[in-house]
Structures are given as structure tokens and as C-alpha cells.
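In the two assemblies presented below, chain A is common to both, partnered first by chain B and then by chain C.
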Partner chain A sequence: MTRLDVAIAGLGMTETGKVYGRSAADFAAEAVTAAVADAGLGLADVDGLLVNPGIGGGLDLRLAKALGLGDLALAAQVQSFGASAAVMVQTAALAIAAGAADVVACVFADAPLREDRGAGAAYADPTIRRRPGLEGIPAAAGLVGPTPHYALAARRHMDHYGTTSEQFGAVAVSTRAWAARNPRAQMREAITVADHQASRWIVEPLHLLDCCLVSNGAIAVVVTGGERARGGPRPAVHVHGFGQCHPGYTERAGSAFGLVTGAAASGRRAFAMAGVGPSDIDVREIYDCYTYTTLVSLEDYGFCAKGEGGALAESGALGPGGDLPTNTGGGQLSGYYLWGMTPLSEAVLQARGEAGERQVDRHDLLLVSGNGGVLDHHATLVLSPHPRS
Partner chain B sequence: MTRLDVAIAGLGMTETGKVYGRSAADFAAEAVTAAVADAGLGLADVDGLLVNPGIGGGLDLRLAKALGLGDLALAAQVQSFGASAAVMVQTAALAIAAGAADVVACVFADAPLREDRGAGAAYADPTIRRRPGLEGIPAAAGLVGPTPHYALAARRHMDHYGTTSEQFGAVAVSTRAWAARNPRAQMREAITVADHQASRWIVEPLHLLDCCLVSNGAIAVVVTGGERARGGPRPAVHVHGFGQCHPGYTERAGSAFGLVTGAAASGRRAFAMAGVGPSDIDVREIYDCYTYTTLVSLEDYGFCAKGEGGALAESGALGPGGDLPTNTGGGQLSGYYLWGMTPLSEAVLQARGEAGERQVDRHDLLLVSGNGGVLDHHATLVLSPHPRS
Partner chain C sequence: MSFPFALSRDDRSAAFFDALADGRLLLRRDPASGTLHGPAASDPAFTWAEADGEGTVASWAVVHARDADPVLVGIVELDEGPWLRTQLVGVDADDVRAGLRVRVTPVVPGAGSEPIPAFTPV
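What follows is the complex of A and B.
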């Protein structure tokens, strides 16, 4: 594996949450402009653009024109679902290392929330329950959208390993405790496991407080060569390793479904490239569309043994002051839901030492997880404020 | 720039054209399966999947599940419009060179044609003429879909360089002459410049015979390490160089619009990486959504001086027996319109010496051009049956 000297030099974040009246493309333009400025560069320095639309649509390469970008040496709209942020950073890193581009902006933007409809409306497909024939059977049973599939996965984990709903609750509680320290987080009021248990069912065994937010907004990062990034105004956040795994479990539902996710193999690949193991990681930023996902991903990465994610969460290790700080910005559960850019943005802030009240003291090596689709697409980054030695 | 040892080891093509009753995903599954078999591999060997949907929709990473692919180390849906095929090959090549994946299938599929509607319907947006406010002005003037913008570009080329409609016609004629030798081509009947001139206007100055076909179907290629490809059943087609350019001209319409396309810079990058120049190229496969595009791209790549593309076409150099064989499968004008996979697939066949009656004798170095959007996105590949020395 090529040893890269590539780093994230800039981060741009818009307002997130119930921010109305702006399109995904509007948010994306603001985030890219902010990320480029954060890197101490101008839009004219950008020669690569990777864009990841969420599900609301409207974000594609027309963004280049909206920003007045020209003569790009790399440009694509990329969709690997929740793995996309890390996939874009990997693609940018490979192109930069090969000399095919110098300064690549990677952006996620979505605007699924509208004032005139419910929060989750854009994530439900109103036609799916009416599908004809055999497709109607799972739909009629409620298998509509991502939540029921994650509920099945969580249930299998509970059955197989004895994981409890209270242990999922412990993930929600520690994540919220971090959010309380993050001015950007949408949900900052402290919660208890009792609150989690009392929150309504979304799909059993998932309570409301097991499920992520839905947010409008955008986040962009600027990826460039290590030397250039180290000369910038912000601490360079170096890419030490990356890996993907797209396990395709739903076609092999009898085997690992619910028990092992793509984090296992994508983590192995990223650790191998970085030349480190889970015990070397100081800060974990895990794609947490559900509390279950945090828990199973921590196991898959090797932060505890398989089946011990629940006990780990209950131990308090994941929260502020714990030994394994995890989702230090409040994650997608309590912070903001901008797909893989949620964990990536918080990792950049922590790596730079810019996380304020929630800053983790030791932040030499950070893990970012991207989980997309129903337990399928997965990508991992290992980041560090230090160049690879 | 890293010197790559990466090659195209397999090619898979479905039926193309007015093939009804199958979705883009159906076509894509067939093409990937065929490409993998063509490479002497099985689907279990595939550890990377890049998919490029056309405009009809329905192709995304669910294709992995449809094919039973698992544990993929690289996966994304990629959209850079007509540049996508070469962008996917570049992405695959970089990942393979870095050890991040071994066998990457890249597929384009689309099914815009339906029996119950006109051929071009999927490429027109029936709502666009009714757009409100200022957006309604260009729409009311007929600036709907790609053709009018290419017409404006072609008109500027004519005004500035004196290029004539008959010279565009010469491109149509030479491309059709190649198609006559390709059993896969949709339009094989010989045409003359007089036929071109007599064909109806689509948007002045573009006649019907200046415009590409619309096709259903799919094409896939399998990209892998050079050593592995050289051990396969087919001649390996090595990637010697690649480059992209996304000029963003429509925001700078007063300058190069219509006169110079992204081929100039993407070609320069690809030639530099391959260590060759235009005079070294034996076979040219140019994205020819319009005759104008062939002509201006040939100029931009340096196969003739700027403004002399028309004279070059009239000279007969581009057709069978000519000095600069171009679009030897009939291109998108007369062969099949599967975006950037049209030129790429023909380049692979020519490089392997498998082009039958239309085989070009000297095929040591081949150029593939991908042109997407209105004179904007551009990508170039330089390919060879020989490893890079």
C-alpha cells in the first residue's frame, strides 16, 4: 500500500437542523466556500470537487458552476450512502497522491426537512406500502425505510449476545452528554436511561432515543497534499489509513446479519494501512444512525470483544471522562445528521484541538466510521494531527 | 505522477438500442457478469464496483446485491456525465495501484427508451418550458436539453473558424462508414454529405445526422493490476495515462465557449502521464454526441491545428483507410449511445485486435475521450495493449 502524505486542510459547516428555505445546493456552496477559506485558500485554488447528495436531491456537479470553479482536474458526484464521506476522502487522497489533483473539496449536503411536512417525510417512500405482488409483502409487514431493517439487526444482536435495550440506552445517554458540550448540537438537554426507556417505540426494539436526527445543512472538507496542508492556517489533519467494505449482508441474511458489519473489514484495512490497531486510537467518531450501530461498530473495530459492546456502553467508557471517548460531538443521535460528514467533521475538530469544552486531551489518532444502507456499505478513516512517520 | 501498471482485463456488452422490457439494473447485471467472464474471472473475484447511471435512473449500488457481490473493498455510484466512464477507470486505476482494491468492475447502463414513448423523451424535460420567472426566458427560446447548447457552441465554431455544415457532415459520413463494418452498430447504411444536408434540422446548425443515437443497454469493463490482466484469456489493455478537465465554460461564455473544450486540458494531462503526444496515437475514440464534438475534440487534442478540424474531416483522414482512424465502431452517431462506454468499448476491442472487419492495423496506442454536459466535464484515457515500458 502506498504511504500517503495527504491531509484535510479545511472544514466548512453550515447551520444544521431545521433550517428552511435553502436548497442542498445552497448549503453545499456555503460549506465549500467556508472550507476553502478555513484552509487559507481561495476558490481558484480548488482543482477537484466531489459531491455527495443525500436523499433530497438537487446536488450535483452544477455546484462547480454555482461556485465559479473552472478547469477542475477531478470532479464527480459520488454516492455510497453513509460511507460516502470517507469514500470521497479516499478518492481525493488517491488522486492527490498520484498527482492527478492538488486541492479537492468534498461536500455532503441535504435538505430533506421542509416546513410543510414532517421531519422524516423525505426518508419515507409513500408509494412503497402500495407496491404490487411479492414486493408488497415486506412492505405490508412494515419493512419500509431503513429503521425496520436496523431494528431486525438490533434484535438479532440482542438475541445472540444478550444485548439489552438499556445498553442501547447507555449509548444514547453518553452521546447526549457529549452533545451538551457542543454548541452546534441540536439536542443538548441531558437524558437518562429511564428517559430512553420511556421514549416511544419507532420500530421495536428501537425507541425514539435510539434513532438519529434528520437535519438540513452541509459540511465540506478540503483535502490536499500534506506539505501544503501543514503550511495552512489550521493544524493539518493527516490521512493515515482508509478502508472500505461493502459486505452485501442482506443477500446472506442467515450469516452475519446483525452481528458483524462492514466495520470489521473496512476497519482492518484502514488499521493495516495506518500501521496501528484499535488500542492506539484516542477518539472514535462512529456513524450512529442508531444506538445499535455505535455498539456493533465498536465491537467490529475491536474496541471490545464481540458481544461486549453493551457492557462497554454501560461502563461509561464512551462518555465524557471515559477511557474510550466516542462520538464526542453528540453524533447523529444528538448532534446533527449529515451522514458521514457528522463523524468526519467532529474528528477534524478534535484532531485540531478545536473542540472547546468537549475537547479530548489525547487526540493523536482518531477513527472515523461511515456506515451506509442497511448494514451494508462501510468506510473507515484513520486520521492524525501528526504526519505519518 | 505515479507510473501505474493497471489494465482493462475484461469487456462486457449487452444488446443495445431499442431493447425493451429490461431496466438499467438488468442491463448492468448482464454487462458486469459478461465482463468478469471475459476477464477469465468469477464474480467472487470482484472486490470493487463503480456504477454510472445514465439519466433514466434505477442503477445504484443495489447492483452489488443483485449480483451477489460481497465484501467489496471499493464501491460507489459515480456521476460525471459523459466523462464518467473514464472517471471510473481512473478511480479504479488509482485504487488498484494503491492496493485498495484488486478487481474493479465499472459499468454504465441506461434504459431511456420505452416502447410507449418517443426516442428522445427521456432526454427532454417536459416541465422545463413551463418554468416560471427568469428561468422561463431561455426555456421559451428553446434552450431545453443538451442539443441547443451544443448548437450554440457549433455555431460559434463555424463563425470563428469558418467551419461549415458540410464539414460536420463529413464527420457523420466517416463515422457511418466505420459503423457499416461493425455488426453491433445500430445504423449501418452508408450516407453521403448530401444525405446529411437533406436531413431535418434538430436545432440549427445541427441536422438530424449531426446528432447521436439514444440507446438502451449497458457496457462494463473490469480493471485490475497489469500482471493479473496479462495472465488472463484476453489481451490486457493497459492504462498509460488519464486526465480530467471540467472547465466550467458556461459561466465564462464570452471566452472559450464553442472554441475549446475540456479535451484540451484533460488530453494534456493524459498525454503527459503516458509520456506521449497526439502524433503517437494510432486510434481515436471520441465522445461524439454531436459531429461538432468529434471535430472540436480532435482539434483540442492536437490532432490538427485549432480551426482545422473541418478540413481534417473533409480530407477523409478519419474514415476507414484514412491516416487518423477515428470512432472506428461508428461512435455514438451511428454505433450505440452508451455515454463514455461507447468510445471506451471500441478502444478495448481495437487494442485487442478484435475489431474484425474494421480492425485498424496499427493499434499500439489508443485515445479515449469522454465529454459530459454542455461542453463541460471531460476525461481522457490513453490505452495500449503493451505494458508501459
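What follows is the complex of A and C.
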């Protein structure tokens, strides 16, 4: 295969968080328009559109018509859940490398938050989780929404490797410390491990401060050939590697559920393609739907030995000033929750040197992860402001 | 205890719920290999087979809701191999640990509901 020369040329972000009264499609149109302008292009230059709707739905390929996009060479709705952002970038990169499209806009949008109900209700509404018969047993037993299943995964990790709730707390603390430096973050007040321990249980062993936010908004990126991106107004963010893994855990004895995630194989694939290893990565943007997810993903990517994620978090390495800066915008725990676009958008800002007070000095190579379902779908990107040599 | 909603039966689950009401746990058997799968395994070639109803706790969690009592849930690894994600009853959350031996017990989560295969310490 010829050398991959594809880059993210533009980034568009709407207002994110508790933004009411707008639909997902409306957010998406704004984000795509902004991303195209950020790339120094016009909507007429776009010949590919990939859309990823969130749990609230309301976004589909009618967006093309709403934006007035004509004669698209590529258009698809992508649904790999939390892995979708990285999957869309990979799909766009493959299309561009094959000559099937030149300028591909990729967008996630969601508007699950409503003023009249809590954030948790957006994801754990039993009326949308109810199924008859055998598939309905877990929900009828009380396992409604993703959090109970992540709690079961986290408990397995704690049991197997000795990981503690306080170590999950250390992830919450370092992520919040980064959020304090990000004006866009929803939660910026400093917290301690004691605050984490005192926060109410959601599903034990997960406290409130182990769980991500729920946000409204949209983020889009524009993916183009490297040459076009390098000629644009913003620094090009080159795609050096990508990889996916959809583990297909068996629900039976011997399953690695909770112990090893798709980060392991998708990371290996992305690192191999980029020709680098975990020790080469300067900045990590990890899908952090829960503190546990950050910790287990870091292990599976090889940023520490397997089972040592808790000790790594406790060491302070992940926070500002640490050796392994991780989730530098406050992630989904404290920043904003727009599925895989949360880690991807922060990686683009860091790679371009536009992250303000939270900018990491060394940002030559960045890793982005996506994780969807209950550890069912994983995707990884390796990005760099430099072209592949 | 408070439960989110009632469970209904369909054609595919009728035999399972009938057996469970008697305290018997049915699994799906692959006639080609003899392997036993969880009750929701959907291969139409599989047939029902009775499990011994015992297993060990592989993981557990406590679901807290603002308007209900906490619910103890877990992954039970049946002696035949399959996992079931369901409720643990008759045991305090503080006393649950991985490896705890448990046995199936039907629990009806609410009026008009089919039973769920909950598990309780042996």
C-alpha cells in the first residue's frame, strides 16, 4: 500500500453541554459548516458526508439536503456507538486514499438533555430499554442502561488486579484538573479523592464522580488529503494510524469482559500502521465514559503493565505536569460528552497547539480512543501535526 | 425492593418461564457440539436442556436509584459455563464476593410479570 497521506483539515464545535431548544440536526449543520470554514473550504468543496447520531437520534443523511450538499461521492450514517468518531475518520481516510472522495465531513450530534429531566434519565430510561422475553431478563432484574454493566466490568477489574475505588478517584481528579484549564468544560471546580469517595453511588462500585456527563451539541471534522490540508489556514493534523477491535465477548466462562478491552487489539493495529509504540505517544485522549474505562484502556494500550492502571493513576502521571498527559480537555467526565468526538476534538486542538492554558508542550504524536456499547466496539487513531516520514 | 418493570413472555421464552416457575433453569443446547449456551442464545437449531441450577458469582454491583431501594445484581457463571446477568437475593452486598456459590431461585419482579432467574447463596 502507498504511504497514507490524509489529515484532519478542519474542526467545528457548537456550544456544548446544557444547551436547550435545538435539535441534533440543527447542531450538526452548524458544526459541519464551522468545520468546513475552519479548513478554509466552502460547503461546495465537500464531496463526502459521514453522520453519527447519538442516543437521542434526530440526525441522518437528510443533513446533506439541509446543508445544500450536492453530488456527494460518499454519504453514510455510521453507528459504532462510542467508537464512531474514529471509525468515521478511518472510513474517510480509506475513501480519500482510494481516490473515492476528496473532502469528507464527519459529524456527531446529539441532544438527549432536556430541561425537565435529569442527565441520568437520558441514558437509563426503562421505557426505551424494555424488551419482552429472554432478552428482557437483565433489565427486569435491574440492569437498565449501560452503567450497571460497566460497574460489573469495573468490579471484575478490581477483583482480578486489586484496583481500588480510590484509584478510579485518582482518574476523576486528574481529569478534573485538566478541565479547570478548559473554558469549554462543563465541570471545572477542583475535586479530591475524598470528594470522589463521598459522591453518591450510581451503581456500586461506581460513584457519581466515576461517570461521564451528558451533553447536547455537535462536533465535526473535515478529513482531506494531506497536501490539501497542509495548504489550509490551520495546521494539518495527519492521520498516521488507525485500528479497530470489536471483541465479541462470549457470555461464558473464560470471557475477558472487564479485564481486557478492545483497546489492546485496536491499539496494536493503529500502532503498527503508524510504525510507533505507546512510549512514542505524547498526548492521550481516551474515551472516558467512566473512570474505569480510562484506566483499563491505558493498560491495554501498553502505557503501563496490565493491572497497573490503578497505580499509574495514583502516581499523578495523567494530570497537568505529569509524564503521561491524558484527557487534557477534561474528557467526558468533566469536559463534555459528545461520544468519540470528545477525545478527537481535544486531540486536534492539542496537535495544532491551540489548547491554550492546557496545551501540552510536546504534542508530536497523539492517541485517540473510541469505545462503544459496553466495551463492545473499540477504535484507535494515531495523529500528528507532522506528515508521515 | 423495587423493580423497573414487568417482564412479559413470548413464544420463544414460554418453556423457559414455565420451567423457572418450578425452580428449574433451562439453557440452550447446541445439538452439534453438545455445548450449553445461555437461555437467550438465538440459534434456532438449539434445543432446551435443563441446567443443574448452580454456579458462582463472577461479578456483582449494587444499583442505586433515588426513588427505590438498592438492587444487588451480578454475573453468575453457571457450572455448565454460560453467564447470566441477573439479580442476587438473600445475601447482603457486603457479603458477596467473586466465587460465592449460588443457586437459581425464581423471583417475580412485580405483579403480572414472568419470573427472573435470580440467584441466592447455596
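Before moving on, here are some points about what is shown:
In the analysis below, the second predicted complex is superposed on the first by the 370 of 389 C-alpha atoms of A that agree within 3 Å, B and C clash if a C-alpha of one lies under 4 Å from a C-alpha of the other, contacts with A are read in each partner's own complex, and residues count from 1 in each chain.
As a working rule, a contact is a pair of C-beta atoms (placed from the backbone, for glycine too) under 8 Å apart; a residue touches a chain by one contact, two chains touch by 3 or more.
Small disclaimer: the values here were computed from a predicted structure and weren't measured.
In the superposition on chain A, contact is made by A:155 with chain C only, not with chain B. In the superposed model, A:115 makes contact with neither chain B nor chain C. Looking at the shared chain after the overlay, A:87 reaches chain B, while chain C stays out of its contact range. Looking at the shared chain after the overlay, A:189 reaches neither chain B nor chain C. Of the two partner chains, chain B is the only one that A:76 touches; chain C does not reach it.
Partner contacting the larger number of chain A residues, of chain B and chain C: B. By the document's definition of touching, of the two partners only chain C reaches A:202; chain B does not. When the shared chain is aligned, no partner comes close enough to touch A:361: not chain B, not chain C. The interface of chain A with chain B overlaps its interface with chain C at residues 251-252.
Against chain C, in their complex, chain A makes its touches with residues 126, 130, 132-144, 148-149, 151-153, 155-156, 159, 200-206, 251-253, 255, 258.
Chain C contributes residues 3-10, 12-13, 16, 37-40, 58-64, 70-71, 73-75, 77, 81-87, 93, 98, 109, 113, 116-118 to its touches with chain A in the complex. By the touch criterion given at the top, residues 1-2, 49, 60-61, 64-65, 68-81, 83-84, 87, 90-91, 94-95, 97-100, 242-252, 265, 269, 373, 376-377 of chain B touch chain A in their complex.
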